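In the two assemblies presented below, subunit A is common to both, partnered first by subunit B and then by subunit C.
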Partner chain A sequence: MSLPFSPEEFMISKQELELNPSSRVPICLVLDTSYSMNGEPIKELNNGVKLFMEAIRRDDIACASAELSLVTFGGEVKQLFDFGSIHRQTIPHLAVEGVTPMGAAVNHALDLLERRKSMYSDSGVDYFQPWIVIMTDGAPTDDITIAAQRTSELVSNKKLTVFPIGIGPHADMTTLHQFSPKRRPLRLKGLRFVEFFEWLSKSVSAVSQSTPGEKVKTEAVDDWAEL
Partner chain B sequence: MTITHWKIANAQTAGRGHLKSNIPCQDYTYSMQENGLTILLLADGAGYAKHSHKGAEAVVKKTASLLADHFDEYFTAEDDDQLKRVIIRELHEEIKMIEGFEGDIKQYASTLLFIAIKGDQYVAGHIGDGLIGKEQDGELKVFSFPENGQFVNTTFFVTSEDAWKHFRLYKGLVGTAAGFVLMSDGTAESLFNKKEERLAPAITRMFEWLRDHPSQKISAVLANNLDAVIKEQTHDDCSIAIASLVTLDPEVLLAADNEYLRDFMGTHSRLPDERKPSNPELGQEIADGAPSE
Partner chain C sequence: MNLQNLVKNYKLFIDTSTWMFPDSQNFLSTELPHALLEAKEQIKVPVRIIEEVNRLMTHEKRETRHKAKKAAALLKSYFDHEIARAFGSSSDPFADQTILYVFQQFRVKYNLALITQDRGLALDTLNLNNQHAVQGKRIYVYRINESGAIEEWNPERIKVSLGRDDAPSRPIATTAPVNEKRTSGSHKPESETKPWSQVTRTRPATAGKKPKPNEMFAPGTRVITQKETVMQIGKVPDIGETVYSKVYGALHLQKEVGSGGEGKIFVSNNGMVCKIYKRDRITHERYHKLKRMLEVPIDKPGICWPKDIITNGSSEFVGYIMEVADGKPMQTAMFQKPVLEKNFPKWTRKDLVQLAISILGKIAYLHERNIIIGDLNPLNILIKNEKEVYFVDTDSYQIENYPCPVGTINFTAPTLQGKNFSTFLRTFEDEYFAVSTLVFMILHPGKPPYSQLGGGSPGENIKKMEFPYPCGEKGKGTAPDGPWKYIWSHLPYKLKEALYDTFTGEKRATPEELRDLLVEYRQLISNGKLGDELFPSGHKIPKDKEAIVTCTDRNCTSPTVIVHIDFKEKVEKRGGRFVCDPCKLRRKYEKQMRTMGMPGTSHTTNQRNSGQYPPPRQNNPRPTWVRPQPVASNTGSTQTKPNTATKPRPVQARPQPAARTNPGASTQPKTFLDRAINILKKFQ
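So, the complex of A and B:
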């Protein structure tokens, strides 16, 4: 059908529009790299993180929205990178070391998140509800009370989603549950890190495309979680 | 001596996300003129709600009828909170009347934006995100800001709990305002700078187009721009409704062609529901916002 006007005459140019930054999905991975993760677990965890970052990079919308930070706890708390575009982050190689300071790691992740949220507000960047993924194969070797209180309060006020994931039979699911009053911790099926991170990347993609009021549907977790 | 009158145009289009998943456009716009009253309306159906496209249409048309019937009453009402409750109640009742209503009004959730102008008075309202802007003394200004929850994908709807508390009702005198624009959040991605709280120059151009060309044509132009340009910066549905004030010398009006005169007389617009155009022969359907898919 022909238009009742000349499109060229009545076409807005990009220069007449405003450009807003993409709305961001902040995601923090808090990963156990203590010595008990030695061998196949750390190898599969590395594979999973690599796959996750590559999958997000392949999805234009998710890549423009997702901002990843990575904190590990093995011997000491390490911040591998602060929140930023996955496109510009180097895929890390995680190595095992020492004990399991989970409480300090979660606290550090929350501090990074608070700082990022302030930056979003100051720069007029909209953001989706932040996510923290906590993965461990054991029990913390430090006090998690304050960190668990902080995450629980944020979750209760709908300001945070926590994904607590246990690895192997020795993961302390009771402790993980303390970080997440709503979403119960799930235990990884075997060493299906790759399947978990694939699910996580699809969930990030779904959220990055969601619109106000939309309830984001994530895929079933039975591929990677023991149910 | 000069003569002034408002001209109106509106359009909406399904977003890329909805086209991909075969979901209908959930934005609905409407504009009308009757008995000296000019009304723009827009509603953006909630993404999660199964029937939000029907809800958006129902609340837009019902609000149009309420404004057409009760403008003076609303303008002079002293208890705004009571008025908000009454309008929300009417809208909920209207949703329940939708054919095949499935029992949960939240499945028909939408935002609502409107402005009605009569003489030098206006009544405007806004629930949720999207934005109302105006042109005054040659400058674009935000008239009503988006209201989101803490996160970008949360907002308030006509069907939300205590919706009246999020119903921003504005009444006053038009003064030197010469243009109004309603837009959904999808359109605002391109026409509103969130950090600077600034409206895009494109809006001025749209007002000018409408002043210089027939309403029907500019509704088609707006639809074309939503599809070709605005939609590229979002995955959401996009919609817009505009009103431009035209100031004319009487001589110009005497020499104007018939199409222009129809705009001037408001006979291009029509009323929703069972209402009839004031002159059926001249009445043409420019205002109805059937979603384009």
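So, the complex of A and C:
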């Protein structure tokens, strides 16, 4: 994991910010890649992330607006990519490993978002409040108190939208709820990552398109989740 | 009657309103002079009109001054070429009345004709034909239409149009009491209201009455607020099915060409396009609104107005039919530099300006009919080329008391931000905000006017009304990074002023004003007086306006920068602190590096370095930023500021490629900029 970036990365990022006039929607995916995700779950998760990125790339408006970063927690926290043009990001291959440091991962994601927001502001780029998607199939193995406080505070101040997603029967929904004082965590039906990411990309398009309201107007969730 | 016959056989008068009407430029500067020279005839110009034009050149409104100056130039050239002759004296009544007086006096003796843009004057003049007490010759009255052609005033149309405050480019209201009668208070008399009673006329019977509902829309008065009620219908037609129109008969939905939140768009077998609503959008209110829209035929190419109601097999309302549109949505076709260059490879700045002019023409046409677009945005304007554009989704336009229930943040005036669009009627002023925003975003492809350094969400930025670009001495100095401020600096001053006044809340420019300013801009580009680049690479600095400022960053390696003299003065006023662009960039990078020590990050104990980019530690040297040395100054200390009195070299943007002297080093770029440029190349 490396939060600081090199002058090169900074320059590329800066160029993209200056030349692309679209208002941005920064989205950080915070994904559980701990060992318990082994087998079908990680396969489906990889599939879902791939389809998500492809869906955004296909949508002219969404790909000019949506900016992705990807943080995983499995054994340790890894930043697969920082915010930037989705065209130069590689579709990742996620592998499973070790324990579940969810708190550290969310903290890292928030740091990335803060930094991105300040870059927007320093460059004169409009942006909508960021989204964070937290997906886990279990319970954290580190302390999530501070991370949960940070997200809750941001959500209450309308500075962040959190999508907490539980995978399978063992996902700790109580913990997920702590990250999200407003939006209740959703449990994925089976391993329907694809449907979830389809829904997410549609929501991204909705925000980046005609009426980018301050509120996130999301699509119906019947397809993929059970409450 | 053709123009040749007109100038030969009639005494032709031209009213001030036509002299000052921007669209009559072509007619007045080429067509008419040719006809007059060929016929060896002269038009008649009352002295009062000349005086009026002269006076308007010092009018408090910039737009009026501007138009009057053009009119004066035209008049002067007419007199220079002896194709105009002045009549009358300063003691004549005001211009309009003089014309009426002359026409009334001489219509028995001469064939008389008038060109005016003023509906009221046109109607009053035509009414002289109806005075049966006097057997006179028939008077002809013409106007110049939007496309710059001469056409006869249709008395029926004028009567309908009267009572609205939209006489095109009417410079001043006519005098009382005539004026008060004929416009029923809709024209506000500006200054001269001295009664002049020599001309006695009967008031036109129809003037002052409401326009006929089948010829134009009335201004909205109160929004229709009741909740929409869904019609219960059987089948919502889809692709391959047949629908029906009373005008066009049975139609086959052949191909789906679009879909959205409201419904689907199909091309039908007659080449026209049908919009079929979703079941929950088929409401009584929508039906009534469409019916009303159909009563006023809008027949302007490029405006995809509803042409008829579409029903399903059970004669139930399901949508409407319209002309087919062509081109791509402005948003996706031109609001990203690479896409713009790909879609319109031959475009230069002049084409962007032309595009804005084409769009403003359509907006003005709609406004003349009291139609407010409401949800003006770059997704519902399709661009085929800079002259052919298509306005789609016209069913959402605000018509009379039917609101436009949708909108987007960027095109919503500050006072309306956050409001529910279906609960109020928009005003023309609200619309002007959207129009100016669109013009700004065409000229700065895709960049919203309030995006700025230190900004936040689009809505917040608009509400603060802090426009970041400079205008002369004024300006916040928070224009965003990138090419946008360069583009802005190359705009003509008057256009900047109009946009600046609009976005700071001083005064919103009208579409007509913007169009005139853009026509002028186009002219300045054609003459080579202003740049034709889509994305200029630097500020506009005329040769005689160059000045030197010194970067005050102590790490700056080439601190002398050539700037515009106005900018230098501004810097000095603010205390003389100036930081050059490369130093600003470096500072921004350093700021980013410092944000590592943010609250909440200390416990990310799992942090492991990739080893490639060590995180900077407090008090450690920051990454070294090597900047190209000014040529031949590599022996001097980088801390020493060159004497600003010496002639500076332009700041070099990038160093000479290292490869020139040391081929082996080319893969190992030495400076930060080198490295960054190399990386950027990979992605191009």
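What we mean here is this: the second predicted complex is superposed on the first by the 200 of 227 C-alpha atoms of A that agree within 3 Å, B and C clash if a C-alpha of one lies under 4 Å from a C-alpha of the other, contacts with A are read in each partner's own complex, and residues count from 1 in each chain.
Quick note on the criterion: a contact is a pair of C-beta atoms (placed from the backbone, for glycine too) under 8 Å apart; a residue touches a chain by one contact, two chains touch by 3 or more.
A quick note: this is a predicted structure, and the numbers were derived from the prediction, not measured.
Trainee: Return first, second, both or neither, reflecting whether A:159 touches subunit B, subunit C, both chains, or no partner chain.
Mentor: Only subunit B is touched by A:159; subunit C is not.
Trainee: What is the contact status of A:108 with respect to subunit B (first) and subunit C (second): first, second, both, or neither?
Mentor: Only subunit C; A:108 stays clear of subunit B.
Trainee: Quick one: classify A:90 as touching subunit B (first), subunit C (second), both or neither.
Mentor: Neither partner.
Trainee: Decide which partner touches more residues of subunit A, taking subunit B and subunit C as the two options.
Mentor: C
Trainee: Once chain A of both complexes is superposed, is A:61 in touch with subunit B (first), subunit C (second), both, or neither?
Mentor: Touch partners of A:61: subunit B and subunit C.
Trainee: Under the stated touch criterion, which partner chain does A:127 make contact with: subunit B (first), subunit C (second), both, or neither?
Mentor: So A:127 meets both subunit B and subunit C here.
Trainee: Go through the superposed model and pick first if A:18 touches only subunit B, second if only subunit C, both, or neither.
Mentor: Once the two structures are laid over each other on A, A:18 reaches both partners.
Trainee: So, does A:5 touch the first partner subunit B, the second partner subunit C, both, or neither?
Mentor: It touches subunit B and subunit C both.
Trainee: Do any residues of subunit A touch both subunit B and subunit C, and if so, which are they?
Mentor: 3-5, 7, 10-12, 14, 17-20, 23, 61, 123-129, 209-214
Trainee: What residues of subunit A sit close enough to touch subunit C in their complex?
Mentor: Contact set of subunit A toward subunit C: 1-12, 14-15, 17-23, 60-61, 64, 76-77, 88, 101, 103-104, 107-108, 110-111, 114-115, 118-119, 121-129, 143, 146-147, 150, 209-214.
Trainee: Enumerate the contact residues on subunit B facing subunit A in the complex.
Mentor: Interface residues on subunit B, with respect to subunit A: 15, 17, 44, 46-49, 52, 109, 111, 128-129, 148, 150-155, 157, 185-186, 189-196, 198-202, 205-206, 209, 213, 216-217, 220-221, 224-225, 228-230, 233, 235-236.
Trainee: Mind pulling up the subunit C residues that touch subunit A in the complex?
Mentor: Of all residues in subunit C, those touching subunit A are 331-332, 335-337, 339, 377, 379, 406-410, 418, 441, 444-448, 450-459, 461, 468, 478-484, 585, 588-589, 591-593, 595-596, 598, 600-601, 603-610, 612-616, 623, 625, 672-673, 675-676, 679-680, 683.
Trainee: With touch defined as at the start, can you tell me which subunit A residues reach subunit B in the complex?
Mentor: Interface residues on subunit A, with respect to subunit B: 3-5, 7, 10-12, 14, 16-20, 23, 61, 123-129, 158-159, 207, 209-216.
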